[in-house]
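As structure tokens, here come the structures.
Each of the two complexes below includes chain A, the first together with chain B, the second together with chain C.
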Partner chain A sequence: MKQNNTWMKFRRQPEYMGVVLLAVIIILNIITQGSDFFKASSFQTILSTNTPLIILTMGQCVVLFTGNIDISTGITMTLVNVFAVMMPQNVPGFPVWLAYVTGFLLAVLIGFANGILVGYFRIPPMLATYGMSYIVAGICLIICDRPQGKVSRDIWKIYKGNIAGIPNSLFFVLCLVLVWLVMKRHPGIKEIYALGGDEKNTYLTGISTVRTTIRAYLISGFFVGCAGIAWTMMLASANPTTGDAKTLQSIAAALLGGTLISGGWGSMICGVLGALFLGLVTNTTTYLFINLIPKFIPGFSVSTYYQDFVAQLIILVGITLSVMANSRVRTDASKASRPDKTPSGGNSGKDGDRQ
Partner chain B sequence: MLELKNINKSYGAVRALRNASVTLKSGEIIALLGANGSGKSTMVKVLGGSVKCDSGTILMDGKTVDISSSAESRRLGFSVAYQELSLIPRMTVCENVMLGHYIRKKPSGRIDIEENRKYVQELLDRFKIECSLDDLASDLSPSVRSMIEIIKAVSWKPGYLLLDEVTATLHTDEVEVLFRNMRSMAAEGVAIVMVTHRLGEIYEIADRAVILRGGESVADVNLRQTDMDTIVYHMTGKMPESVIYKQAEAEFSRDRILEVKNLVIGERVRNVSMSVRRGEIIGLGGLEGQGQSQFIRAIYGVIPYSSGEIRLNGKILDHVNTTEAVRAGIGFISGDRNRESIFSQRSIGENIYSAKLAVGSDFGSAVTGKINVQTQKIVDDYGIKIGKISDPVSSLSGGNQQKVVFGRWIFVTPNVLLLDDPTKGVDVAARHELQKFLKNSANRGMTVLMVSCDNDELLEVSDRICVFYEGRISAVLEGENKTEEKLVSAMMGMMKVSQEGVQE
Partner chain C sequence: MKHKIAAPSFLKNTAFMAFGLAVVLFIIMVIIHPAALSLNAVATILSIASMLVFVCAGQMIVITSGNGGIDLSAGAIMSTTACITVEYMNGNNAKLIPAVIICMAVGFLFGTLNGLGVTYIGIPALIMTLCMSNVLTKLQIVIGNGAPRGTVSKELTASLTHRFFGLIPGISLWAAVLYILVLLLLKHTKFGFRLNLIGINFTAASLSGIRAKQVQVLAYAFGGMFAGLGGLVGAGYFRQMQVSTFDSYTMQSISAVVIGGTLLSGGSPNYIGTIFGAVLLTVLSQFLSSINTSPAMRDIIMGIMLIVLLIAYNRKPEVRQ
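Showing the complex of A and B:
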């Protein structure tokens, strides 16, 4: 009975679907890749290529908790990359460490600016961060108009190395997860969840919604900055364009992990799970086409676009499952209570949501 | 000691508070009373910081204070338990109660989980609430949720506690526990303002009552020396007149078009039955939030009902969406035009045509030219003053917008028309025309169910008035019983109905 309770409790956690999806994809991956999956080098590759996305998703999650969204994260990560690599090369005497620190701070600053736009000026988050992404993209191209530059071997070696078989990039992620675990014990994070849960009631409780929004974007900026550093070490060069695609991936990853796009539900662990799932899906389908199918059909060979097709199909199924799992938790909850709300979630009575 | 002097607040043209004044001594429990729209909720919101008053002074111990935000109000020692609850659905009980003022560990600023849980558990025990600290607010029953809202307010250790109709969803034993706690808090010097529409309760708990009418504070009475009739007189300007009403059941056997049997919607509507004849105008009266709005929305299929039966023309309606309702011949007009009826950016023609879309097939044609010609007829027939039929509906005045919405339903000629406060915010002339529409439509055989907060409108237009009180029909007024005095006393729940079929 007790075990049953723990299970039921786990099922109601936001991470539930993320854990299930990740477990499924790991099994699929083992099937397609075979025993090679357990090799240290295989882990190393998967983790080091996906660490930037994992950290980026963690940043995206904080914003999603407030019920807002940030679509400038990918390009901001690129800015950190471009700045850290190109500054020491273009400006003689610019110390490398300072370039990294400044790049990181720029990301935090952009997060803060997004927070001001959304929280204080009340610009819809989609528009505000979309506009911001073009500004940042412009700056990126001014600093570096094409993929170029080089990160010194000493630096990226740290990222791609390992301690006792455990990849260093994993330590990076674990450190940030630890930061989150400490952080979520602070009232400020509870306020972020509250804001996403119900903005009006959060205000009525005496919490500044403006400050809470800005705080969420600031924390997001911190994580995006970290993602930028990881991204730089992974690329080992400056690339002004490829990072932008990570934005939508990070949103998808957050949803896959169990975070709700409407806000107030989820955790950064969800982000980590979802991003790992995304990374493993690509891995799985690659091996499916180059390893598993040729075993049964000798000489099988198709364009890599088919891999993408299958990968995206799996992701779509994953997101559907995750959203359904979350809405089931919510309908269970509403069944237990009075059905006095309209299906659209508004007040069925006459009280407007005006203040 | 708290003094509110000459507080004014207007929402657009509506004056919610005019020169309202209230005084409150520490350790005192007062009741704030008033009918619909008398400004009691606005008063609470002014003190809670969610609404800023236009003019007036608030003196706290003789010093002027300015309540500019909800956070400022908390800092000054106000704490509000809201009628609509201010809980975050997907957070736990403990988090909800402590939100905004967590007990922190000293140097690190982290939440001291143990201390917080201990504090909330003490409150739960004190108010005898049976729930776990880790339950999500959305999983709780309505009455427990209200209790959590109360301890959320109490947990701030306020100097002034404001309770806005919190007892509406509570059971008797819970009310008792609440009152015991209120008395002990008052003894410790907390000043408590209680807004309620249950007049019976206030004698039990309050010493004094401040009564608002039309935004003015009309009376400040000592409850020991005032009887209920006088209070109702102050609230409504009419002396209530109690009557026992017997319904003539035989008359309903013919031509019933709409029958509702034992309808239950959560805790909002409890066991309501009604039988409506063709061409009849039924007024649904009562204070705001007594279940009338939910009742008609359930008939229209907007909100699901828990149990009961609705029959239209003898056929059971178990639709779950509004499309089926419209196809079955039901129309719905809401007084909250912007939120629930008009498409403000679209043209007048399209607005009128929109209900026709629900009746027609999904891929039928709807050419703008055809729409304009057909809807122009409605506009001409009913004298809606417009510029061009293709103008956006937002170019019209509130009254004419509402006529457009009427036109929308006349266009599809439903058998039953449901209205929720249709003349809210409409000027007097337009109001009369709309009422004339209703009477004409009813004469042509349309059945009308109208919720209204306007007593004059109910008395003038409806053939019968069903008065809702706490989710039940407290009285059915018809013929010579249809007087304002009786309506008022029924609205306050002061009337007993001795007749089977209406009450269980």
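Showing the complex of A and C:
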């Protein structure tokens, strides 16, 4: 009976569908790839290529909690990359560490500007951040117009290295998750959830909606800055174009993990799970078409274009499942908890336990 | 009252403002670059804006349906039908009518899928159409096997690029026909009225007996259909196609709709404003390229302009109200 209770409780968490999807894709991966999946090197590759996306998704999640959206994150990450790599090369005597710090601060500043536009000027968030993404893309191209530059070996070696078989990039993600868990104790974060749950009620409670929105975008900027540094170390060069595609991936990842785009529901873990799922899908379809199907159908070969097509279809199905599961959970939760607590606020149950 | 001094009424008319801004920009361009005042330059602006008008019609219908409705797959649908057109026609004019029907059907199909995902499953429009655009981009590569090879027929291209009186390109006449059709659809059909109602208040509309979900699906389907038609016209204008040529039209169409004064919150479509928005965007990009700005500066100026226009026209109401 008790176990049943835990299972039901787990099913009501926002992470539920993210965990299920990730489990399914890992099993699929093991089936298609065979025992190679358990090699340390394969973990290393998957984690180090996907760490920027994971951190970016975490940043996106914070904004999604407020019911807003930020589609300038990918290009801001690119700006950090371009700035950190090109500045020491273009300006003689510019210390490398200062370039990284300034790049990081630029990301926070752009987050702040987005917050002002969305919170204070009340522009629809999608278009405000879209306009911002144009501006940032322009700045990126001014600094560096084509992929070039080099990160010194000492720096990227740290990122690609490992301690006792555990990749350093994983430690980076874990650190940021810890930072978030500490931050979450601050009432300001509860206000962010509340804003996403119901803007009017939040306002009536006496919380400044403008300041809360700006705070969410600032925290997002912090994570985007971190993602930019991870991205720089992963690429080990400056690339002004490829980062932009990560924005949309990060939004999709946040949804896959179980964050609701309407706000007030989800957690950081959702973002991490969703991003990992997204990273593994491509891996799976590649092996599916190269390893598994030819085993059963000899001589089977299709162009690689089909792999991408199937990967996109899987993502679409995953998002559909995740959204359906979440909307069901939310109606259940609001029915179950109506008497004593509000339905909004993803972790209201946990908070209740603590107090 | 916060705004004590009432602004003159013409300043509130966004369609008029968009047109005025376009004219002012054009005059500045002529002053800086006298060569810009030629029939050819005006005709180019008209053709590019007309191409935008097709996809904008669909985008506007989707945005009007409210509930955060937006179609990020418009550009991808355009590219897909354009690829289908060149692969299918392959220079043969006898296939024009089937090609038009196929393009509209394909657009309608993917639009319906978008609509079903948004209304019945409850995926946010932003995400649903975004994923759809990713799927469509890969589909184009599959259709064209990497790079589509065919061309459209000479007659189609000629009908689009022929300039009447040396000024009005054929494509603008197509756009004018479309304008009348869309206006009839919005103002004189049951669908148009219902679309407006569900955009203003979805719940109230469904309580008053409108099958709101079906209307919304139909809105997305029409959105896809117009984008599909836009793809055919675009392919006809450019003759040859590459994968995802028209992807940038997604955001351009959204910008044009917003500049034209259609509210992002739904309801109150403003098609004439949307057309002027398309003209303004085209003039602006021509202006920026005429004064030899680098692409990077052009991006920055476009971004700043979009934000300034949004602050001026499309602010959400305060929470207090």
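One rule holds in what follows: the second predicted complex is superposed on the first by the 329 of 355 C-alpha atoms of A that agree within 3 Å, B and C clash if a C-alpha of one lies under 4 Å from a C-alpha of the other, contacts with A are read in each partner's own complex, and residues count from 1 in each chain.
Note that in this section contacts are C-beta pairs under 8 Å (C-beta built on N, C-alpha and C of every residue); 3 or more make two chains touch, one makes a residue touch a chain.
Computed from a predicted structure; not experimentally measured.
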Next item on the list: May I ask you to decide whether A:Arg185 touches chain B, chain C, both, or neither, giving the answer as first, second, both or neither?
Entry: first
Item checked: Touched partner set for A:Tyr203, first chain B, second chain C, both or neither -> both
Next item on the list: Would you check which partner chain A:Ala230 touches, where first means chain B only, second means chain C only, and both and neither mean what they say?
Entry: neither
Next item on the list: Once the structures are superposed on A, label A:Leu79 by its partner contacts, choosing first (chain B), second (chain C), both or neither.
Entry: neither
Next item on the list: With the two complexes superposed on chain A, say which partner A:Pro124 touches: chain B (first), chain C (second), both, or neither.
Entry: second
Next item on the list: Please indicate which partner A:Ile261 is in contact with in the superposed arrangement: first for chain B, second for chain C, both, or neither.
Entry: second
Check: Of the partners chain B and chain C, which touch A:Val272 in the superposed model: first, second, both, neither?
Finding: neither
Next item on the list: Name the residues of chain A shared by its contacts with chain B and its contacts with chain C.
Entry: 200, 203
Checklist line | Contacting residues of chain A [partner chain B, same complex] | finding: 182, 185-187, 190-191, 193-194, 197-198, 200-208, 264-265, 330, 333-334, 336-343, 346-352, 355
Next item on the list: Name, in rising order, each residue of chain B that touches chain A in their complex.
Entry: 48-51, 69-71, 73-75, 80, 82, 84-91, 95, 99-102, 104, 109-111, 113, 136, 138-142, 145, 152, 265-268, 288-289, 293-294, 297, 302-304, 306, 335-336, 339, 420-421
Margin query: Which residues of chain A touch chain C once you look at their complex with the stated criterion?
Written below: 69, 117, 121-124, 126-128, 130-142, 145, 199-200, 203, 209, 248, 251-252, 255, 261-262, 303, 305-306, 308-309, 312-313, 315-316, 319-320, 323-324, 327
Check: Which chain C residues qualify as touching chain A in the complex?
Finding: 70, 117, 121-124, 126-127, 130-132, 134-135, 138-139, 141-142, 145-146, 251, 254-255, 258, 264, 294-304, 306-307, 310-311, 314-320
